[in-house]
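Two complexes are shown next, each including chain A; its partner changes from chain B in the first to chain C in the second.
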Partner chain A sequence: MEQFLLDLKREKYNGSYDLAYKTINHLRKIITQTRWANANELMAIIREAGKRMVSAQPSEYVIGNMVRRVLKIIREEYVRIQGESEESVNKGSLHKMVTSDQDFQDFNTPLKELKTIVMEAVNEYIDEMEASIHNIAAQAVEHIHSDEVILTVGKSRTVEAFLKQAAKKRKFHVIVVEGAPLYHGHELAKSLASKKIETTVVTDSAVFAMMSRVNKVIIGTHSVLANGGLKAVNGAHMVALAARQHAVPVIVLGAMFKLCLLHHSALGGNEASFNRLSSPQEVMDHYEGGTEILSDVQIYCPTFDYVPPELVTLFISNIGGNAPSYMYRLLSELYHPDDHEL
Partner chain B sequence: MYQTLLLFSGFISPLKYSTLVKHSMPSKKSDSQNASIQQEKALEAVVIADSFDQQFHPMSATQPRCLFPLANRPLLSYTLEFLASCEVKHVYVYCCHLAGQVKDYLSKSKWMKESSPCKVTPIVSADFTSLGDVMRDVDQKSLFESDFLVVPGDIVSNVQLKIPLEEHRIRREKDKNVPLMTLLMSKSSPKHRLRSQEDTVVIASDSITKRVLHYHKGCEQKKVMFPMSIFENPLHKVEIRYDLIDSGIWICAPQVPTLFTDNFDYQTQLDFVKGILINEEFLGNQIHMHVIDSQYCARVNNLHTFDVVSKNVVSRWTYPFVPDFCYDDLDSKSEGRYTLLRHNVYIHQDCSLEHDTVVRDNCIIGPKTRIGNRCQITNSVIGAGCKIADDCCIDNCYIWDNVEIGNCCTLNKSVICNNVHMLEKVTLEAHCALCEKVKIGPNCTLQRGTTIYLQMNNDEESIKKSFDVGEVGNEGQGYVWKTEDNDDINDLEQAFWGMSLQDYHNTVSESQIEEEESDADSDLLSDDEDDAENLELLTIDDDLTIFQREVKESLLGGFEEKIDCDNLILEINSSKYAYNMSVKDVVQTVMRASLEIADLRKTSDKDFFPCLKSILLYLTPLLCKYNKSSSSQLDYLYTLEEFASQHEQTANVMVKILMFLYENDVVCEEVILHWNSNPKGLAGDLFAQPIRKKVEIFIQWLLEAEEEDSDE
Partner chain C sequence: MERTAGGDQNSGLTAEQKKQLKKERRKAKVSGKATQSTTQSFPGTDASSSNVLQKSKAELRAERRAKQEADRAAKAAMKAEQTSGGSKLKGPQVPANIQADDPKVQKKAAKKLEKQQVPQRAEGQKKVALFSHLHQYERSLSITSNMGFGNTGIHPAIIQLGLQYAEGLITGSNARCAALISAVCRVIKDYVTPQHKELSRDLEMKLKPAISYLNQCRPLSVSMGSAIKFMKLQISVCRKMSDSEAKSRLVDSLREFVRVNIVLAGKAISDSACTKISDGDVVMIYGNSSLITRVLCDAHKVGRNFRVVVVDSRPKLAGRGALRRLRQAGIQCSYVLVSAASYIMPEVTKVVLGAHGLLSNGYVMGSVGTSMVAMAAKACGVPVIVCCEAYKFCERVQADSFVNNEIGDPRDLLVKTNSHKSNPSLLDEEDWKQMDSLKVLHLTYDVTPPDYVAMVVTELGKIPCTSVPVVLRVRSTDT
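After this line comes the complex of A and B, so read on.
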């Protein structure tokens, strides 16, 4: 546990998929290795561990998502063993809440088979996660047509797989925005070019000029907020605005585990805690940046951008394409309302 | 012994050059393939949690330096966190000064808990007085069998040591005993804020093997000597670097402590490095270095660096070790954390700011701190549990824990330690420091650079003295800190705050100008204090004076031995080119030299002119050699006049000299008349009129002779 928390703090993970995978694996370990009598106890243990994990790396919403997801699985499986239909737990509407006379589940009944069943469900979910990138990529042909010009920002594994999948059948042109100061765009361009995809790298400032030639903007995202907005690589907002100006559709790729409960409005305008400000080193080397002349200059290196939902045309996840306005519905299916607050 | 001299005139751009190699390095085929894969040993480190100096005195009298709160976290925690992030598994913390406090801190911190990412063992002894003692203790306990790290307890860094450790390991594999340790250096431009004067290092290293060939520390001298041998070795591709700061981090081979034991006179790091380098040939040990690139590494070893590093932490250069990441205590849920607001303002969740209080730019406000109405806080760090009343203005200050500040105080660029109490209307000018438990006020102003202390090593005696009410206010408790040997407030301020480069530049530039005027070839160094003395010596040694001396000597020698004048001309011409002198200089020098020689050789005052005459007679061909232009002839006369104005006998025989020069065609009539009508000396000032009066007769005669000529 401690080692895992330490790894979280030191950002020893490689992208959000890796992080999600590691988190759920860790939770699986907790389920098998700790002693608990009933579902309620197990949920308390998971919740406790989840809190610590979230506080170790609060800017990674995926961790919280995984914890909630596991809690939801436990609830579902418990109810199923009790012999009730899934429907009654899942689709709690206002009408039902008011009219139903049945007691809420207290999850206190010890069940022998719960552990194995929960493990099965969790494993199933892990399989689903593993397949998510392929599921998204499989939809590529539906969205990318021949001779189209696609623009993307930075480097996203999902986008990379998506484009490569499309390239197997179609011929198209990709414009990669380099994404200063980290220049992940260069890596993506190299990888695409190696697959014989026609690729152009442009600077961040050239986005608007290029946009008139672009047919579609396809970007990855760090996470999807509850209102359908994005927490994406910095520069994404600018690209989305330019796309809106030129009436170019913006397609966002992201697996379901990136969908989180946070509303952008809940931050209360505190951009700094939403964003991650890393060392100014990337913007300006400390060799120069630490000199007396520059002592009064503030240098920032933000990592993320918030993209409001109205700029996003389509959200493609492993279960298909959805409009950003539909996010709330997906959320209610993914997580149980009682788990919103860990 | 041949030595190469390198002159540093102040802070020039980073000096980097390499002497060309005659042969390229012989390419070594790596035979590491068949080397068996060694089991990786857990990395261990020694933290020297004591500086063994008095840099922070008297602030450090009641609190050890490594526990000073830097951005509200003890310095030592940055060091340990850095080591943990480098996957160091076991850390030995050596503490000496106020070791109890360090041990207490460690035992309460997360480092001593089960969950700690690395094992921390404090080793306490009052006997350690230097780094050498610590290393000897390490040897005695034989703590390490494999490579280990030595890290000072005041490092703030986010460096990943993987690469340097790997480099060190490969070097050690190639050659079992020779590479001894790797010094870690961080890069910094010459005007970098992290540089302080005493830490300046100049390093000569081999740019390929990264071997350190020469190590020089300090810049009180502007000149650095390099042993010639390092340049002579054709295998060295020497690189001299000035753009480095010694981070104090060593990667050591296990025999390093043994070497400390063998040489009991090694006290400091500098002793050791120098010792190894000097004895390199017969001990066969080598030191390498690794330059940290694009990562942050700095030491806090005086108040200046304390200030700069704090600012760097606030502006996130040390990411991920920044205040809003609660990497310190994993389990303390109640502690809360800092929220980052725009412009690098970190406010703890558990602090309260009253109405109209403005916190702007680069601030940290600690937990449980209450700040009153209408305060202005900029660029400051405020610790935990502080109470700041209304209408205070705080700029560039470091306020530690549990400080109370009364209404209407103004604080500038100062450090205020734990539990200080400031009453109403106290003003602190820049560079003040208030040590623990001091009480100040009400209604007083502390001058720039004042340090107030109350306790010294917890001994009772100091408290019995009465307080200087004039300094610390009517209800104040505390003494003004003065060093015994030096009462100059400026020096004190510098000694305590560490001289920032900015200050240093100011002092240097003054002395530099003087130095530039009197060429830089001198062997002497100018220091601010004995400028006057040096200036005198410097003028003697500049090119012109050397040239003058040489000309005089050759003329004297020539005259005595009756050498042919043509040879003398040849000799003077060659010196002229050697020192890059103008014809004007030569003309003046020759005239002056001949007069001086005459003055030297005369037996009595009356004897002066005959003596001079014989010299001039002998030198006529030489004088005629340089009199081709009228301006040269004019220079002869002006030099003569200048000399005469200082030398009475010459003045007396001025007419005779002029007559002689005229008769021998050294100077012509027009020039003499022109000279007479322009009574300005060489330097542009009027010369003494008496000389002009004395030559009046001669001029008269000249004019008459001219008239006669025209009449005919």
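After this line comes the complex of A and C, so read on.
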């Protein structure tokens, strides 16, 4: 456990899928290795571990997502064993609250099969996660037509798989924005060009100029917020603004484990946990920035961008396509409202 | 047999008639030479006969000139007929530099360059298809390696200037224009009118290859175009003056052009824009514009309390120059790249941008990325002020950045093979060359739509973006 927390603090993972995978494996280990008597105790243990993990790396929402998902799985499996339908686990409707006099589940009865069944469900969920990229890529041919010009920012494994899958059947052009100061766009361009997709690398400053020729913008995202907004790589907001100006649809690819409960507010100090300012070395290196004349200059290097839901046209996830205004509804299927506060 | 020079006005000079004219001219030349030879065969003739012979030479010359004038008049009359007939009106022509994909046009342009003895740049190998109508050069060998330095060649000051442009040592529209004017002043100072030629016509002929050469080194900027127009006007006005008088007059008028349009206009704009910057402002600027840094430094001197956010972009990273200048003046600064402009925009109260040129339909042409900053500002409700001298207004119109642009060297975005990579993700030149499907685009300019710009500050006052054609008309009636 301590090792995992240290890894989190030191950011020893690459990409949200990797982190999600590691987190859920860690949680699976906790379920198998710790001693618990009933569902309540298990949930308390998971919640405790979850709190520690989230505090180690607060800007990565995927950790919280995984914890809440596991809690929901436990609740569902418990209820199923008890013999009742799973819907009753969810917050009852107004009608139910008024008519039924049945109390909420207290999850206290110890059940022998709970461990194995919970483990099965968690494994199923991990399989689903592993297949998410394939499921998203399989929808590529629906959305990309011949001779289209597609713009993308930075490097997303999902977008890469999506475009490569579409390139098997259709011929189109891709414009990749390089995404200074990390230049992930260059890596993506190299990877796409090796599969004979016509790729052009442009600088971040040329996005508005190129946008008049672009048919679609396809970007990946770090997480999806509860209101349908995005926490995406730096530069995505500028791209989305330019796309709106030119009436170009913005399609966001993301698996369901990226959907999180949090909302974004730029005020009230929330910015500190939303965005992560990485070393300004990337923007201006010490050689130049350390000179006496430039030593007082404040250099910013944000990692993420908030993209409001009005700028996004479509979300494609492993369960299909959705409008951003619908994302909040999917939350109720993934997480239980009692787990909103860990 | 002797055709009247003014004949055949209705049908125009056909090829045969032109041939006939040429034959007659040659005959006249030969007969003139024949008379010369006959005079030489009688060496011992007295003064009177030589006078007579000389007169005949002068007569012949006069005859020839008269014929030429008559021909010219005929052609002019014919043209007048055609235009009054109205069958083929020649409107504004499409320039050759945006027809790089048309082989006929390119052949013509290449021939013209050859005639002027200007070396032509080689096109790059990996062109981006979207911009196939523009020239896409690669900075390979020196353009001047095959140039001669003879009497008919281009003045060394111009050669030096062209190389400075090509290597990026002189950047910024004001700097380029001022450098051009100072080089042309040197050319004028060294110029000697050859015999039997007029300064006004010959100097213009001499400057044409110089301008083609500069265009090959780096496409002319709007400011340079404006200066060249002014030069041509001044030269054509210099008739019936002695050489030294004409030359000093030209040099003075060119210096005055720089003084009025760049230096004094800068001061006027700075005074005007200072009123727009108030205490406690956070001003965002983009890239390095000499005018904008001047405005900010002057505002700081006057005592305004504000801080500046400098937005920069790859690969030129011009913002660092502006950053240095502002820090030297003691202004508090921040620095971001253009992808983070929307991150920092909530803090900003004003955006002040410089322009490369203002187009007649109100669009602002600036270095690539200007439109990004303006767009982010509009999205956050931050006003955008553009500062631009009036001589940078031009009659071109374009609605997007594709129609006319300058494609820079794609290698500026890449890393040299086997050199130390500051960032391991950056593409290698080798990778770029080997992969056919991979192209790299380096744009230089982009156009910002007028609805993003709140106001343009010029030395003629604060005007909206769409008033550019009005100002152009006013200036053309002034000069």
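To be clear about the criterion, the second predicted complex is superposed on the first by the 332 of 342 C-alpha atoms of A that agree within 3 Å, B and C clash if a C-alpha of one lies under 4 Å from a C-alpha of the other, contacts with A are read in each partner's own complex, and residues count from 1 in each chain.
Here is the rule we use: a residue touches a chain if its C-beta (ideal position, glycine included) is under 8 Å from a C-beta of that chain, and two chains touch if they have at least 3 such contacts.
These figures come from a predicted structure and were not determined experimentally.
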{"item": "Superposed partners chain B and chain C on chain A - clash or fit", "value": "fit"}
{"item": "First, second, both or neither for A:Gly228, with chain B first and chain C second", "value": "neither"}
{"item": "Included angle at chain A between vectors to chain C and chain B, based on C-alpha centres and rounded to the nearest 10 degrees", "value": "60"}
{"item": "Partner chain in contact with A:Ser212 - chain B first, chain C second, else both or neither", "value": "second"}
{"item": "Contacts of A:Gly290 with chain B and chain C, given as first, second, both or neither", "value": "first"}
{"item": "Which superposed partner A:Ala56 touches (first chain B, second chain C, both, neither)", "value": "first"}
{"item": "Greater residue coverage of chain A in the superposed arrangement, chain B or chain C", "value": "C"}
{"item": "Which superposed partner A:Ile299 touches (first chain B, second chain C, both, neither)", "value": "both"}
{"item": "Closest approach of chain C to chain B (Cα atoms, Å)", "value": "8"}
{"item": "Touching both chain C and chain B, counted on chain A across the two superposed complexes", "value": "285, 288, 293, 298-299, 301"}
{"item": "Touch list for chain A against partner chain B, complex", "value": "2-3, 5-6, 9-11, 51-52, 55-56, 270-273, 277-281, 285-293, 295, 298-299, 301"}
{"item": "For the chain B and chain A complex, residues of the former touching the latter", "value": "84-85, 115, 117, 158, 187-189, 191-194, 243, 294-296, 308, 311-312, 315-320, 324-327, 330-331, 333, 339-344, 361-362, 501-502"}
{"item": "Parts of chain C lying in touch with chain A, wherever the complex brings them together", "value": "128, 130, 313-315, 320, 323-324, 327-328, 332-344, 346, 367-369, 371-372, 375-376, 379, 400-402, 405, 413, 422-423, 425-427, 431, 435-443, 446-447"}
{"item": "Residues on chain A engaged by chain C in the complex (per definition of touch)", "value": "178-184, 186-187, 189-190, 192-194, 196-210, 212-213, 234-235, 237-238, 241-242, 245, 266, 275, 282-285, 288, 293-294, 296-302, 305"}
